[in-house]
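The two complexes that follow have chain A in common; it is paired with chain B in the first and with chain C in the second.
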Partner chain A sequence: MAKSKSCVVLPFLIGLVASIVLGWWGFPKVLYSQKTQPIRFDHIVHVEDQGMECEDCHAFRDDGSFTGLPTNANCVDCHEDVQGDDPDEALFVAEYVEKEREVEWLVYQKQPDNAYFSHIAHKDIECINCHPDVANMSTPPVYFENRLTGYSKDTMKMWQCERCHAQRGTSNACFVCHK
Partner chain B sequence: MQAIEFKVKWGMLVNLDKCTGCGACTVACRAENNLSPEVEAGNKLRTNDWMNIYELSNGEPFPHHEVAYLPRPCMQCGKPSCSTVCPVVATTKDEEGGIVSQVYPRCIGCRYCMAACPYHARYFNWFDPVWPEGMEKTLTPYVSARPRGVVEKCTFCHHRFMAAKERARMNDEDPTQLAEDAYIPACAEICPTGAITFGDLHNPDHEISKLVASPNAFRLLVKLGTDPQVYYYSEREWVRKLGDNYLKNDKGGENV
Partner chain C sequence: MGFDRRSFISLVVGGAVGTTLTPVIWKTLDDVSIWSQNWSWIPRLKYGEEGKRFALCKLGADAYGIKIKTIAGNPVVAEGDPDHPLSLGGICPLGAASVQLLYSPSRVRNPKVKDGNTFKDISWEEAESLLAEKIKAAGSDIAMVSGDETGSVTDILTGLVGQAGSKNAFLMPSESGPAAQALALLGGDGQIGYDLENSDYILMLGADVLGSWGNVTRNGKAFAAGRKKDAQYVYVGPAQNGTAAVADKWVPCAPGTEAVLAMGLAGVIIADGGGRPFWSGFSQFSQFVSSTYPLEKVAQITGVPAETIKELAQTLGKAKHPLVLTAAGASQGLGAFEAVAGMCLNMLLERINETGGVRVLPWNPRVIDAAMEHKNLLANDLVAYLSAIADGSASAPAVFMIYGANPAHSLPNLAKVQAALEKADFLVSFSSFMDETAALADLIMPDSYGFERLDDSYSPYGSAQPLYTVAAPIIKPVYDTKPAGDVLLSVASAAGLDLGFDSFEDVVQAKAEALGADYDDMVDGTAWVGTEFPVQDLELWSTPLREIEAPVADGKSLALAPVVRLKIGSSKLATPPFGTNAIRYDEMSGREMYVLVNGVTAKNLGLQQDDAVKLTSASGECQARLRIFEGVMDNTVVAPLGFGHTAWDDFSRGKGDNVFKLLPASTEDQTGVSRFATVQVVLGKA
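Moving on, here comes the complex of A and B:
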């Protein structure tokens, strides 16, 4: 009797552990590909060592729209030529400044085409509520791309937008966020 | 049916005595809202025109014959027929301003809304949009392009509403109390004769709130109870009569 019981329990436990490992560890590995930024941009060097303000690169335009990530035009104010001995800076100057190409930065929160987001409407909320705290990082975090959808793992989900809007008493009408 | 009351209600008034039927509103609308060039514009059952122009005739023989042109955007009905029949909640009227939304990725293309809309303001995408090479540069980035198989319609250039609110916030103004010229759709902006007036129907500072009170202002098919936010204006009685279905020599009616 005892022997037949272990025959049932043991395979069940093995199967359970295998399923958990597969589901929690294996499946995300398969679903998301890991990417790194084309240039290892160091925020700490720029903010703490050079004393730059966030708004020097991420600012509102006069019409209230948000610039998001800076273009080479911002960077070449200082990086027309190589300034230091960081190999990524040399790569940036050689590959992007001299060839006049824009860096294809990976945007962790990039939203689909049908979603509308206004930064100025959310300006009283801390950036790091939604974005990774890159300002305190020397190396940008790894970018996880969903192999099926092509979107970043960190892209805010609709239920997250809706929950915050509901908690703050803001409208959750479709056209508030969709276009 | 219960209708939501909004503090701000965007409305449009087209003066049919000023409209020459030139079609500039249609062109501006197509360019602004990413309507791709028609593959076969001859088949009117397959074309998309958010701002379509109808020709009206008084039916009299020469020399008493008269025509008028009637541009027809989405009426943004106060009690929409479309949103109540949508099985997937892809179209709603729930945002402040009263613009009827249309969320394309949600639409399943069943076309109930098209059957329900008495104004034929809704269009089905029979084809995937194709822009000839180079013309994709004219796309408006603030308007999403629609794939084949979904229904689309005029949104009063909703993206311009969002941009106006951003500008207001930048200038520390109240985004819920926009000035009259802060937000205006592409059709109203381009109209060469100034036939289209746009503004908040509830704001006494906006010209439209005065114009709609005129006895010459009327709406289409009001008898159906859709309560449209688009008004028309004409000093000619036969034009006003064509705004709804009246019996011959009918003396009654709201606007006749």
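Moving on, here comes the complex of A and C:
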């Protein structure tokens, strides 16, 4: 009885394609959990409707350090009480202002503590080169948290810092970022 | 064609090849390497605005201003405060550890009540109500101990006890009690201070000025400034310590005999024509000194050669602004008559209320009517009271409140002290930390830490000027604690004892007002500095002096020289984690502390370096390792106070032994002051 010929090429291709699909599409879904900001902060309302400047909340202090995200102290200037109909504003006032708790905002580009990033040293670079363009969003983007590392999906890797430094002729010596 | 083994292998190989073309392997490897660094004990940085806030450091015997660097309002680092007169930019080892202690594992995180051999958590309402009931039921059978000489919480406590009809209010032993009694014996009235900054010759009779005596930080600054002005510093003591190492001269002197040396110096000065014969009491004093302290006798007791005593006396007499500081080596345990010896020497040199001399400051103003006068509080002897309770000659109080102090670890006659505390019907601790006294307590009402509460301080001992400092809280309490001042006022009110104030802030404001200070300015850290000094009419023979009882060498035992090193802790505080790194290999090996003797003494006892040794005195035993150090007098053993904790945390518990176990206390006739500066101990192999 003649021996039937084994099927080799097709299984190889199936394995190849399946693993590529799973690796590029399925793996990130497993690796990252999806989170939303505790409060849906609407930048458009604040910037376009209320005419606020970016620096009203994200400014450099006198010593050159960057304020980063605003604290309740900034927000209560207007939101000590509920101003409008937005349920998220009501939630903010009830849960954070009245209870004197700071909002635990999720920072898309949060760097590890061993990397010292100076915003003022990078002030000539557009914010959106590194950050999502939240200024034009009514709803902040979904935050993807790496289940293994605990960092954001958008946390910049060291090679990205080094590449930009190299392109701009800035030193890549260790102590430039690791103090 | 079928799907067989070869097909399956082909599928797997295809999958493996495909996987290498995806981020699965490379990303996972990268993330695992990051995950492997995410240990829970790695501190996480807090980002935010930098600030500097004023705070008081009361972790040792001193109370001085420091600056706390904050990030987003959270304290991160302590620094000296250049603007505070007792810091001048400097900071002590305990102050440097102060931020870390805020989060110490030994912090008591909420009120607790004794439940068998452990504690049960209770609410503040329950704790306050329980204490109020106990106070009501106790009536006048109530007592208190405070380790805070300078703060107004102590006034509230003495006021509460006084309002209840008790006089059993006590401070932990320190230098200021004997000093105040000495001044009273000479006809004076006030708090003693020292103008170190303007003196050109400072004779430190046992006073470890740069290590533990008085305002350590300010002393260091005064020393540094004095060096530039060619001021001279002479240290007299049984061992070469940090102060001796940088002084112009170290004069070895048997422990506990520094006051005898002061009398010897007075004798030489008088013999050389010093002093004024027309002074009231001069002739009696002169006669007493010459008959009781002939030079050869002083030399024999102190171990200081007669020629050296003469030379010291002559240098003192020639100096323009000399100053004599008399203290026990461990800054506690001196008798009033020993303090008198130092005062008399300063009087002979005409150094009272003079530039670069001894200053007499007005007493801490009393704003709570029922509070005890500060000088009366200093005169109440805690060790004698506790010893009497242990012996059964005094009854244990129904309610015994302990604030800012750890008597169960840091007092002489320790076994009796612990027995007395256990005899109290209801022992209440206000400690921020689980110290040995809190561990014994029936109720713990944890005081908020210094940075978490309003605090104040009036002229800590040694301060050359009347000084009042107020520090506002820097952060909200990290745990479920409350400021003891407010808790005590609330409890007093619930117990029906009206102290006249509703809040601790009101008390502090009243004190500021009594001094003529502006509270609003002070609360930002600007210290109020007084310029008025009460006029004193002192007499060298206001009270007949007596011969100071000096340790007697018997040829078998050694004189114990206990020392305080702030990095090891204080009578309030065990070794902070910060301090453990500063304890040297020759101060502690593993969990055993070192005691020091010189080579000749070790040889006479048949002991060698690193031998395990036992120190035995009439009141207890201690274990240690032996270190041979030639900067110690013959027949003397130097041992550090501050080790041997049984409570606290892993950073201090079970390390070294408690030298207080070796120290008995003798009561000085006439003054009732407990003396415990030294003791004869037998040193042998363990």
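Everything that follows uses one rule, which is that the second predicted complex is superposed on the first by the 173 of 179 C-alpha atoms of A that agree within 3 Å, B and C clash if a C-alpha of one lies under 4 Å from a C-alpha of the other, contacts with A are read in each partner's own complex, and residues count from 1 in each chain.
What we mean here is this: a residue touches a chain if its C-beta (ideal position, glycine included) is under 8 Å from a C-beta of that chain, and two chains touch if they have at least 3 such contacts.
Just so you know, these numbers come straight off a predicted model, no measurement behind them.
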Chain C versus chain B on the shared chain A, clash or fit after superposition:
clash
Please work out whether A:60 is in contact with chain B alone, chain C alone, both, or neither, and reply first, second, both or neither.
first
Kindly classify A:113 by the partners it touches after superposition: chain B alone (first), chain C alone (second), both, or neither?
both
So in the superposed three-chain picture, is A:139 touching just chain B, just chain C, both, or none of them (first/second/both/neither)?
neither
According to the stated criteria, A:14 is in contact with first (chain B), second (chain C), both, or neither; which is it?
second
Who does A:151 touch here: chain B (first), chain C (second), both, or neither?
second
Looking at the overlay, does A:74 come into contact with chain B only (first), chain C only (second), both, or neither?
neither
In the superposed arrangement, does chain B or chain C reach more residues of chain A?
C
Could you look at A:170 and tell me whether it touches chain B, chain C, both or neither (first, second, both, neither)?
neither
With the two structures laid over each other on chain A, which partner does A:6 touch: chain B (first), chain C (second), both, or neither?
second
If the shared chain A is used to align the two complexes, which stretch of chain C, 94-102, 112-120, 454-462 or 670-678, clashes with chain B?
94-102
Same chain A residues contacting chain B and chain C, which ones?
63, 65, 112-113
Listed in rising order, the residues of chain A that touch chain B in the complex are 60, 62-65, 112-114, 116, 118, 120-121, 123, 171, 173-176, 178-179
Where on chain B is chain A touching in the complex?
89, 92, 94-96, 99, 101, 103-105, 142-145, 155, 158-159, 162-163, 165-171, 175
Which residues, counting only chain A, touch chain C once they are in their complex?
4-20, 22-24, 27, 31, 61, 63, 65, 67-68, 71, 112-113, 146, 148-151
Chain A-facing residues of chain C, complex
1-4, 6-8, 10-19, 21-24, 27-28, 31-32, 34-35, 38, 44-45, 47-50, 72
